[in-house]
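Think of it as A, B, C and D in the order they're written, each chain with its own count starting at 1.
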Amino acid sequence: MARVRKTLRLRVRAGDTDFTGFVFNPRVIEWFSVGRIELLRSRGITLLGDGRLTVDGEPLGVSLVVGEVYARFQAPIRFDDQISLQTEVTEVRDKTIKFSFTVRRILDREVLATGASTSVCIDRETRRSSKIPPRISELLTP
Amino acid sequence: MARVRKTLRLRVRAGDTDFTGFVFNPRVIEWFSVGRIELLRSRGITLLGDGRLTVDGEPLGVSLVVGEVYARFQAPIRFDDQISLQTEVTEVRDKTIKFSFTVRRILDREVLATGASTSVCIDRETRRSSKIPPRISELLTP
Amino acid sequence: MARVRKTLRLRVRAGDTDFTGFVFNPRVIEWFSVGRIELLRSRGITLLGDGRLTVDGEPLGVSLVVGEVYARFQAPIRFDDQISLQTEVTEVRDKTIKFSFTVRRILDREVLATGASTSVCIDRETRRSSKIPPRISELLTP
Amino acid sequence: MARVRKTLRLRVRAGDTDFTGFVFNPRVIEWFSVGRIELLRSRGITLLGDGRLTVDGEPLGVSLVVGEVYARFQAPIRFDDQISLQTEVTEVRDKTIKFSFTVRRILDREVLATGASTSVCIDRETRRSSKIPPRISELLTP
């Protein structure tokens, strides 16, 4: 069964690193945000300027907010490294979507970091957790 | 004549530095943002969550947006350095406010960076430049 | 038994937020970095510009690198919110130190985010994991 | 005469924006850093992990550090906007290199921001300003 995943290529920027000479760990969490957004885009789901999800140009009344995030840093990541970031939907539940992330050095495919996050569907009006619209669930389920 | 200025103390964070071992220059521009906001706060002007200026708890229909910024980096700034950031209003015009910034190492008062920025008053409805409300001008003029 | 912990007060900066109007989740992970560094400082442990740990002005041959981090976001955090960040050492093992984090809104003590991280002791020469120097373990054990 | 310039395409990330709904101005200064590094790379000049310039795989004893930066923000930049960043060498002097930057929205070519910066050549040993190696000057002069 085809997985719902998206792979991006990134170049480590100066601003991603810190004085130790390696990537500052919160920047990896920022990459996870980019990975989620691009995975959604690859399935036809975009975010409006107010955070609302949009499918086929039609805004829905819900947003996704990150409820949990985890990252494991397995090897140092350096300035100018070319990396791949693979984002995958690992679970779609009633109100939450789980993603996993794998960061590899492109040169030798070494895994540099892995991670996971859970996004919670939020109703824009009530600001409370809400059912994921069926259209979104379908697009994110293999 | 008393100047409208505000001095903050900051500690250089890991995330402010890059792989060269020194502060990544855009982080200094971020400090300028902190300096402006705290100078405004010290005069009783705060920003609402939508960016509107608020005086004495009363929201106004305008925001300030940065139109120009300049910085000069005079000496390397290191992780863990304790620095002072002095922000000063240098000019209040019809629709713009100019600020200047001085970053010093607290230990020896050495000037590490200086800068300037111009904020433009924007009408929240039309999104066009707008006259600075008299209440704001008064609070920011010595 | 006294716990090894440190509480900081922070003001949410513009740069901590994103277009949704709330704090961008990786910024909370950056605060965890600040919390760890200030907890270490409160115990007399500082970091040199090359990342080496220093106790009583004496540099050691080891660094701490973040091996894992986890965060849970429980309530939206807004621009200008005043927050407290409590960092605590939860475990000191042979080669690793575990920290926990609690972010609260100061106004009403509501818990906004919690988290945990594991730092691994690394030998500066071999770049491999290494035993935590006894001096560090003592300072971080209640 | 051919100009020394490089154009990149970027997508505005969530972390580039702030609570006002638009790009946080220091992020544009971060893009300038990316533009400089990619322009250098396009001419065969890369940066080592310690900041040293490298040409044809041969490390030189100098680094470039940003001495001044200026930016003018002409129109709001939004989350998810696709932008182009054009970086150009505008002057190569004895010890300094000047760059200019133009950020455009790709959709309609509207100029969103412009800027300029000056990099100073620094000797890695003395940490003082130093002559730009002839090899670098040649590569950056049309």
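Here, contacts are C-beta pairs under 8 Å (C-beta built on N, C-alpha and C of every residue); 3 or more make two chains touch, one makes a residue touch a chain.
What you see is a predicted model, and the numbers here were worked out from it, not measured in a lab.
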Pair of chains joined by more contacts [C-beta pairs], A-D or B-D: B-D
Identity of the chain that, by mean CA position, is farthest from subunit B: A
Inter-centroid spacing, subunit D versus subunit B (mean Cα positions, whole Å): 24
For subunit C paired with subunit D, centre-to-centre distance based on mean C-alpha positions, whole Å: 33
Averaged-CA centre spacing for the pair subunit D and subunit A, given as whole angstrom: 28
Set of subunit C residues in contact with two or more other chains: 14-15, 19-22, 24, 26, 30, 33, 49-50, 78-79
Of all residues in subunit A, those that touch subunit D in their complex: 13-15, 21, 30, 33-34, 37, 46-47, 49-50, 78-80
Parts of subunit B lying in touch with subunit A, wherever the complex brings them together: 14-15, 17-22, 24, 26, 78-79
Of all residues in subunit C, those that touch subunit A in their complex: 19-22, 24-27, 29-30, 32-33, 49-51, 63, 65-73, 76, 127
